[in-house]
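Note that chain A is present in both complexes that follow, paired respectively with chain B and with chain C.
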Partner chain A sequence: MSRFLGILTCLMISASVFGQIEVCSDCQFKTVPSAIESASPHDTVLVHKGIYPIHNMVITKPITLRGLNRPVLDGEDKGYIVKILSDSVSFTGFDIRRVGISHTEDYAAIYSFRADYLEISDNHLEDVFFGIRLEKSSNVVVKDNIVKGRFSREFDSGNGIHLWHCKNARVEGNDLSGLRDGIYFEFVDDSYVIANRSHHNTRYGLHYMFSNDDDYLDNYFYNNGAGVAVMFSKNIKMINNRFSHNWGTSSYGLLLKEIYDAEIKMNLFEKNTVAISVDGSSRIYYRNNDFIQNGWAIRVTGGCYVNQFTSNNFISNSFDVSYNSKLNDNLFQGNFWSSYSGYDIDRDGWGDIPYRPVKLFSYVVNRTPETIVLLRSFFIDIINFSERVTPVFTPDNLMDDQPSMKKIKW
Partner chain B sequence: MKFTEKMWLIFKYSFKDMIRAKWIIVYLLFYLLLGFILLFLNNDLSSSVITIMNIIIILTPLIGTLFGVMFYYNSREFTELLIAQPIRRSRIFMGQYLGVSLSLSLSLVIGLGLPFLIFGLANSAEIFNFIMLIFIGMALTFSFTGLSMWISLRNSNRIKGFGYSVLLWLFFAVIYDGIFLSLLLIFENYPIDQFSLLMSMLNPIDLSRILVLIKLDISALMGYTGAVFQTFFGSNWGIVISGIMLLLWMTTPAYMMVRSSKRRDF
Partner chain C sequence: MKNWLLILIVLAACEVKPVEINYGMDQCHYCSMTIVDQSHSAQYVTDKGKPFKFDAIECMFRDLRNLEIEPVMMLVSTVDEPGKLTEVSDAYFVISEKIPSPMGANLTAFTDSTEAAVYTGQIPVFKWQTMSNYLK
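Let's look at the complex of A and B:
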């Protein structure tokens, strides 16, 4: 945090010490590129209100570009709009429209390559292909931007904020919609994603690939193809996020694939088809999460070891846990299950008989998905009950032997 | 068939008879108690609606069945007396059928409606789900009262009539789903999604369950990958088709009952 403040103060100082160049229809500079060309490093370029058709504008010196009253940079569907190839560029307060669509080039509204200490904030991006695409750029701040895609299909839309080979990035307070992935991280380490809203994206709200030691906190993901996908990554902390209404076929709140040593804490999962789908992920700690009215709260498919599920609330989910094997190496303890029907005679707050979260019916549905039409049927209740008494098809050691009697508060 | 004055008289008589029989009051009290206890323990309208669904789709058919049979056999002498009068048979039996099923439906509406209203249903988003649930309960009452009266009409032996009616309820409530599940598992390698939808249309209890599920548990059902389910559960088609089928299930038993009443030799 102090480092980011440092950058900000540096930028502010530079703005006051160095020169200022203004761009408007009756200023000396009528176009933004001409102003940038004559600016010396660390100058501020102030762009007044107006519409500026621009594409492929390259910034090769450290400057501050600031829009006053939201000037519009119109890309006219011709390709990139702004390319940042220098360190310490600040880009604030613009409306950016119409990025070109291509199936061979990843055109972006704002693109950077090998440019560190960038600040991109308070911009409104509309009709973009890719929104903000940063490559090999470290210590960047992307803050309070609104990025809207074209709400089209997955193969002809790009990502909102796309980071590739970056370090120490901070993505905060952005609103992302109508894109392929709201936020996409590939080979991004030691970065934060904080308080963003990512919604109505065709693929994922937030997507990690091969990224380690990242945190995402206080975000809200809803109505996406899937809320968040974390794949092939290590040490990801996921805290206090909200995943809701990620509905549809193969739709998830959170998809974990081949990840290790993650922490998932204090998140709220509501009304997702599958709240968390876990595949080949180990040493993951699930604590204090709320799973409310999901189709499946947790779906485990193979190769998941030493995971711990403790002190979570499972409330009114159609299936609490679904498992496709008979082996279990995961710990379920001290959770609250709304469908728990046991008792607590010694009144210590924990149920006296263990709870088995995997029902026979979830096993049946895994095998023959069409049987879902029998959900909540009386007959299904009967076979679930008999399976609970004598487990045959479900892992017999998969149980919460200390289920909480009351909803857990933290 | 016209709702004539004589039919109205018979309806009024049957309705009063049901209320006088006290059982209907017990039924009403049961629902009142159930509603209040559920809401008191839960205090959450939406999860109470789900719990009540489970009760409604099992209990209302059973109660409809039992009251239909009981009413028919208890008032058989009086019915035979009525038949000797210049009244059309269809009006006599229609009047009785409506008397029984409407009084049962009334208990359901008051018994569950009152507690939910007191706990703030009117200002809740659950009101439509709740109203649908009550309608489904009424439809099932009508359907199973008709079925059981039809069975009683065809069996003068009251033990037999009772047995068949309860068996029919047991079949629709439990056995049918068992067979259904086995069929799905046996033919799992074939495209069975259309078949499974058809099967659930042919059982009023499954049908009601599906109607509620479309509204409440859609998130789980959408998890299934298949175009047929997608269109059925994802659009309004599912509700329209199941609604029409449920209407058929309401009217057909009554029609069959009236038809066989005309042929019956008393």
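Let's look at the complex of A and C:
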């Protein structure tokens, strides 16, 4: 009881200390900037339903901005809409439209600079150039927003959620479409990207550059120019994501370029031209992933060392693994390969003869992409078979000596 | 007559000229990123007429260091005329945080040297030949 009273008094104190200011067409404050102007730090500004033309609104004090029944902030294509330059700002429940387009300025619907402890949630952004762009801001939460770009192919698309030099960010439950990159992390450390949907973007669903110690989990990436690109980064964990329908000559589900010490677990790659394209990436652990109906499941180019592929399912891919060198320093063990044609006489669940996932034809295709038209021909079957019997071009130690007979469950 | 026509076609095929960049489709030759930025893309063409496309000027610069023969044409997109390729010899370059570039070097080209300095407030504005002094 005393505890309950304690909470009650706390609530009463907070209600009396932090004021509330309302904005609507017949309130005392008719525009959002005027309400923010007269608010004291840590006040709540409640904005009622209506359309408010706003651009370049600067917030320089800690404040809670809340939209009731989705008020619309219309930028009228004039530039930035909201600029947050203070710590501890919460921004919730707005519809934001029409951000300006520029070649030299990266205009965003919500922009922050050196502002920590932000919460940006439950906003619907439409016709944006950049959606939410946070710079040098740490401990930020970006949650349950919907960001739609202009669905144009070229220069007038920016990124949905763009973080630059941030730490401890949490990007969760957002829906991003029609943008350049759905989510872009540049110099962002110790952050999480959880349960977002990123689709129909021109370039990538999610893009990491020079970012370390980040995790992305439970996301769904589909119909993007390419799914996810992780470049020049260390210690990235990629768990339980779904990459699908990234089709096109230069398209892939996941691009790994110059990354180290990553974990790729329990992801589903379905119907991509290339499921994972790996270039110059080492010490990466691939475990319990499903590769289903891709052109290439894994395409390795450049030097990739000490990578481990264990307990993955490779089902109905045109090419399971493709290599461009004779050297192999990577381990394949205990995977299920649907094109494995061996047997299991001792019935221990593992195939008795090793499986060679690299087909000779994949080298030919790497050299001359046009030869792909011969893919299902008898001639190709013969050269693949002869290479399997006596490996000349493919690394002879590149094989799974313990292929699973059954699809692996986890 | 027919032979001449054939020779003409063969010659036309070998012509050294830049090709259009398909933004959102083409991949950078150096970093494999999809090329989307119309104000930072770049391209060089070899003496055999083979074009190589880049998403950022720094990518082309770094790729050229691994190249033994200098390409015949080197072109960059500029911020003041996005989407149009300009010869590197006619362009002016700045490194400024005001205009981030796709691969993090903040390198941008301008067709107009005064505009470069005025816009970014950044001195020096330099030419392609002296790039190696500014970019590692």
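Going forward, the second predicted complex is superposed on the first by the 392 of 410 C-alpha atoms of A that agree within 3 Å, B and C clash if a C-alpha of one lies under 4 Å from a C-alpha of the other, contacts with A are read in each partner's own complex, and residues count from 1 in each chain.
Simple rule for what comes next: contacts are C-beta pairs under 8 Å (C-beta built on N, C-alpha and C of every residue); 3 or more make two chains touch, one makes a residue touch a chain.
Model, not experiment: these values are computed from the prediction.
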| item | value |
| --- | --- |
| First (chain B), second (chain C), both or neither touched by A:Ala226 | second |
| Chain B versus chain C as contact partner of A:Phe319, first or second or both or neither | first |
| Which superposed partner A:Met209 touches (first chain B, second chain C, both, neither) | second |
| Touched partner set for A:Val389, first chain B, second chain C, both or neither | neither |
| More chain A residues in contact - chain B or chain C | B |
| First, second, both or neither for A:Ser157, with chain B first and chain C second | second |
| Partner chain in contact with A:Ser250 - chain B first, chain C second, else both or neither | both |
| On chain A, positions contacted by chain B and by chain C | 248-250 |
| Residue ranges of chain C in contact with chain A within the complex | 23-27, 31-34, 36-39, 79, 82-83, 98-100, 104, 119 |
| In the complex with chain C, residue positions of chain A that touch it | 103-104, 106, 153-155, 157, 164, 180, 186, 202-204, 209-210, 225-226, 229, 231, 248-250, 255, 257, 277, 279 |
| Contacting residues of chain B [partner chain A, same complex] | 46-47, 50, 53-54, 57-58, 173-175, 177-178, 180-181, 184-185, 188, 192-193, 196-197, 199-200, 206, 209-210, 213, 217-226, 229-230 |
| Complex contact set, residues of chain A against chain B | 247-251, 271-274, 293-296, 315-316, 318-319, 338, 364, 367-382 |
